[in-house]
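First chain A sits with chain B, and in the next complex the same chain sits with chain C.
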Partner chain A sequence: MSTEVTCSEPGAVPKLSAIPVSRRFHAILLVALAAGLCALPSVVSGYAMTLAVEIMIAGIFTSGINLLTGYTGLVSLGQAMFFGLGGYGIAIGTALLGWPLWASVPVTLVVVAATASAIGAICTRTRGVEFLLITLAFSQMFYGAAVKLRWTNGSDGMTGIPRPDLSLLGVSADSPVTFYYYVLAVSVLALLLLWRVVNSPFGSILVGIRENERRMMSMGYAVANYKIGSFALAAMVCAVAGILQAQYTYFVSPDSMSWQMSGEGVLMVIIGGASVIFGPFVGAAVFVVVKQALSLITEEYNLFFGIFFMLVVAFFRGGVLGAVNTLIGKRR
Partner chain B sequence: MSALEIRNLRKAFGGLQVISDLDLRVPSGARHAVIGPNGAGKTTLFNIITGWQRPSSGEILIQGIPVQQGRPDLVTRGGLSRSFQKNMLLESVTVLENLRVACQAFDASRHSMLRSCRSFSGVVRKAHDAAAQMHLDHVLHKKVNELSYGQKRQLEVAIALCAEPKILLMDEPAAGTSPDERLNLIKLINGLSSELTILLVEHDMDVVFAICDVITVLSYGKVLATGTKVEIQSNPQVIEAYLGQHHA
Partner chain C sequence: MQYFLIQVLNGVQLSMLVFLLAVGLTLIFGLMNILNLAHGAFFTMGAYFGLVVANRTGSFWLALLIGPLLPFAAGFVLQFFILQPLAQRGRSTHLDLALLTFGLLFATAGAVEYIFGSAFHSIATPEILNGRIALLGIEYPLYRLFVIAVGIAIALALVLVIDRTLIGATLRAGVDNREMVTALGININVLFALVFGLGSALAGFAGVISAPVMSIYSNMGIGIVVTTFVVVVVGGLGNLRGSFYASLIVGMTDTFAQAFVPEAELFAVYALLIVVMIFRPQGLFGAVGRVA
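And now, the complex of A and B:
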């Protein structure tokens, strides 16, 4: 599922035999992946399931970054601010104001969208390195506020963030297996939503902006509005990941807004493959697994992870999925 | 009413006066060329007309309505579309996708976020029509970076046509093309609707003479002469400043 939207004759509905082999291969792969993910808790240990939850949360966070960076061409180092805002939003709603979770989550997302629209209106007036730095500056501002604010417990962060009440289904979200399925369901929904968006007219405009902003303006598009829209949507996706992370650890702290968090998100996009819908999840999986594996071998795992990242950039053009696509292309 | 009217236009970059007191009227349906030596202010004029640069003073009216400076998107929506001197294409997507995105700009579907772009068949059909108009229907599914240079120039014009403009500005459409590609482009441009007003900037005088019936010559940001092909070819000032004896 790449960005390229090839529109054939209008109204044409392809028969199964007419669907290209690569698409059928992708479909089979998807079904196998879905079956594997559903069966995972019954075949792996608790540690592996913990990793899977972390990968999915990181995948959603990175998908938000990918919408902005991979599809719209705006490289941001500030997306962790929205990840953190998501966590703080439900923490303030539930733990501080005593609201139920079902009210805290939508209010948090609306507040994040409004905040992101305001910040995006300023940031998207810049491009390239300037955009990267101004998003970083905003992120650091929120990080600083989170560290200093007493009513959010400053650098100690906030605890007591609830998981969803699933008693109607006869299960408890406090159980690792139930929480795994909960995160899996949210991940699938987030992916489906993003897939629809990037294949929609709105998504094609974002790709157009990435490809040639001047041309898009010349075509008659109010480019600034679409960039703000992309910024806000990406922020909401990052906030969903932040909410899940806060529920996963029952805790949120200013560290969730740190620039390292944003930087790691961008790394995951590059590793997995930018502007590919599954790229962020692949990137998150590789990132988390390689980092965990290296940390078991050596204390200097960051050094070796740096080397690993350089190798991916040098030899896997378009990230892991880009390399896979190239390989499939060569075999045909 | 003129399709395009420029009144007392001035543009200065610091102390350098690039355009001074320029007046231009282009009637509806006209094929009008703006020629002149390098640095005459042709591209600056185009950039000002299309909202990419703000004039120091003066007024531009499209179909009698003043152009909102600094908003190229609104200029296009006002009925004036342009092609660029250097290709400005969406390089990593297909020809059809370039045209579909261009056609979509004027369709309500552009706001849709949850429906596939393929489901808006009217937009796709318009993209197919635009491709056919510029003889690009056989390369619809090729990526732009796989096209020949001449085909890219055709796509430049096709994208501009997707806006269904009243006025089409073409900035050196034949620049860098081979003689065969140039002839093909001239044929395609001459085949466009006679109701479409065309303003052309071009260095290649064969292209200008083949397409346009009125020519304005710019020199140092001022109008040196305006007239028909014959008038311009025989104008001594124009011959001295730009044409030389070859085209006289």
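And now, the complex of A and C:
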């Protein structure tokens, strides 16, 4: 097999190269972000705040994909199934079973983790494009189930999903500002968790698997278990985003599990720069803003989504943070 | 019993349709190692171009003949001017290329919707194939039998071309050792682009031939392409014969699920895929080599 046409062997572990973002840049970004995000509701209008909420939800979803795709090197086109499962989980828990939200959320996450472990055990037996296709097929299966099942209202979806009861703090989550802070808090928690994971020995092993799976195996790591672990953790993060999305719109439908949704996630990972911890949020910001701008000018969203996707994949591999980093490097 | 027999024939007919798509997908993957997620786009493209031809000329046969030409050209251009240069630049892996074609799939669906709107269309069955034929105690639409026959004919023709002709030998050589084939004076880039075009044309052909039995709409390619993925994975990626058998298995599973367990309609084929993946991750017919 020649190296000219195929840059890696069939079935080789895909490599999305890590981009070292300088420490100082990270620190400046962090402080600016924190200050900006906390002050945002007092500065901007309601429209910008809904954008910010959408960006953060998309950012959490993308962070989950990034753990799997950027760090572990497994490109999945089926992460939307966990996004959707999160939303459906709390919808079924609260609306159908009549459980309180504080019980529905953890039960949902446990169910997602168990489901993802089982699915991950099957999917991670393959790699490369086969992995991509299997994850896609699994998510299509859940999509099909969601469309068909009558007790979740089929393709109409479920409404009336509750937001958290924050009356103890004297506020209502139904107000946009409170909900903004709620999503912000969850985003920060998710990022901290992922940051800890990525910088733990577990995270190093995942990167090791991405870079050279065979070597990790010969060093005695149970590679399969780590891949399943990464798959399940990524799924839980995606489910958290799905829960927030369902609360944000008070609604969940099979569309949240469509493979376009999964594709958007992968696109946001690429835009932001794979395997950078902030990348997903940057990618989400660019994507959500572009999407909003597009929807203002045209109704042919699919057409422009497709073209945008192709351009990004063809010419934009390091992502936004990668580009910024190269600029900083050049100036020095 | 009669109902059962009709379902068997329906299953074979669907299988042949899916095979026409799967064969291009698996050929392109086997030869160029590119997973063409945009394969459904060529299906759509062929169907709409065939529709335009049929509306202008009123002839189904012209539509069937001319319809696949547009996807052929589009596939050739995509491989020769976009995918090939990107792969040669060395920056993109086959996964990047797969993602790029994913974008193309949606761009095409969007473009089609922009030009033709989101209405459903159909091409009329040609007069000569209109009607039913008595067969083993049942009456079956002649046109569906025609689809089955065409599918089998194309499968046989492809096997013959790849196993028994010089072109087929060149293709197989190109998979094994690209440099050697180039050194022998064969322009492999053009050859690969032609194969990509041929695979796309077959998808477009499937689009036209399915038009009298299914409807034409902007997202038609997105739905069927996932079924096609199931076929190529079950058959073993890059395995031509495997994809034929897998087409039959998947087509039958899908048809029988629809006929006898309608609740499972949308996930029977995926359940099949999962079972296959648990026991044979390389696909049912995935052999050692990946020669198409």
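Here is the rule we go by: the second predicted complex is superposed on the first by the 288 of 332 C-alpha atoms of A that agree within 3 Å, B and C clash if a C-alpha of one lies under 4 Å from a C-alpha of the other, contacts with A are read in each partner's own complex, and residues count from 1 in each chain.
Everything below uses one rule, namely that a residue touches a chain if its C-beta (ideal position, glycine included) is under 8 Å from a C-beta of that chain, and two chains touch if they have at least 3 such contacts.
This structure is a prediction, so every number in the text was calculated from the model and none was measured.
Asker: After superposition on the shared chain, which partner residues are touched by A:98: those of chain B (first), chain C (second), both, or neither?
Answerer: In the superposed model, A:98 contacts neither chain B nor chain C.
Asker: Output check: A:136 vs chain B and chain C. Expected answer is one of first, second, both, neither. What do you get?
Answerer: second
Asker: In the superposed arrangement, does A:215 touch chain B (first), chain C (second), both or neither?
Answerer: A:215 sits against chain B, while chain C stays out of touch.
Asker: Who touches more of chain A, chain B or chain C?
Answerer: Result: the larger residue contact count on chain A belongs to C.
Asker: So, A:300: does it touch chain B (first), chain C (second), both, or neither?
Answerer: The second partner, chain C, only.
Asker: Just to be sure I read the superposition right, which of the two partners does A:207 touch: chain B = first, chain C = second, or both, or neither?
Answerer: first
Asker: With both complexes overlaid on chain A, does A:196 touch chain B (first), chain C (second), both or neither?
Answerer: Touch status of A:196: first partner only.
Asker: In the overlaid three-chain picture, which partner chain does A:308 touch, first (chain B) or second (chain C), both, or neither?
Answerer: second
Asker: Please identify the positions on chain A that touch both chain B and chain C, taking each partner from its own complex.
Answerer: 4-8, 10
Asker: Under the touch definition given earlier, write down the residues of chain B that touch chain A in their complex.
Answerer: The contact residues of chain B facing chain A are 50, 72-73, 76-77, 81-82, 84, 88-94, 96-97, 100-102, 104-106, 109-118, 120-125, 127-128, 141, 143, 159-160, 162-163.
Asker: Give every residue of chain A touching chain B within the complex, in rising order.
Answerer: 3-11, 196-197, 199-205, 207-208, 211-212, 214-223
Asker: For a test of understanding, state which residues of chain C touch chain A in their complex under the given definition.
Answerer: It is residues 29, 32-33, 35, 82, 84, 86-88, 90-96, 98-100, 102-111, 113-114, 175, 177-179, 192, 226, 229-230, 232-233, 237-238, 263, 265-267, 270-271, 273-274, 277-278, 281, 290 of chain C that touch chain A.
Asker: How about chain A: which of its residues touch chain C in the complex?
Answerer: 1-2, 4-8, 10, 14-15, 75, 77, 122-123, 125-126, 128-130, 132-134, 136-138, 140-141, 143-145, 147-148, 259-260, 263, 266-267, 270, 300-310, 312-314, 317
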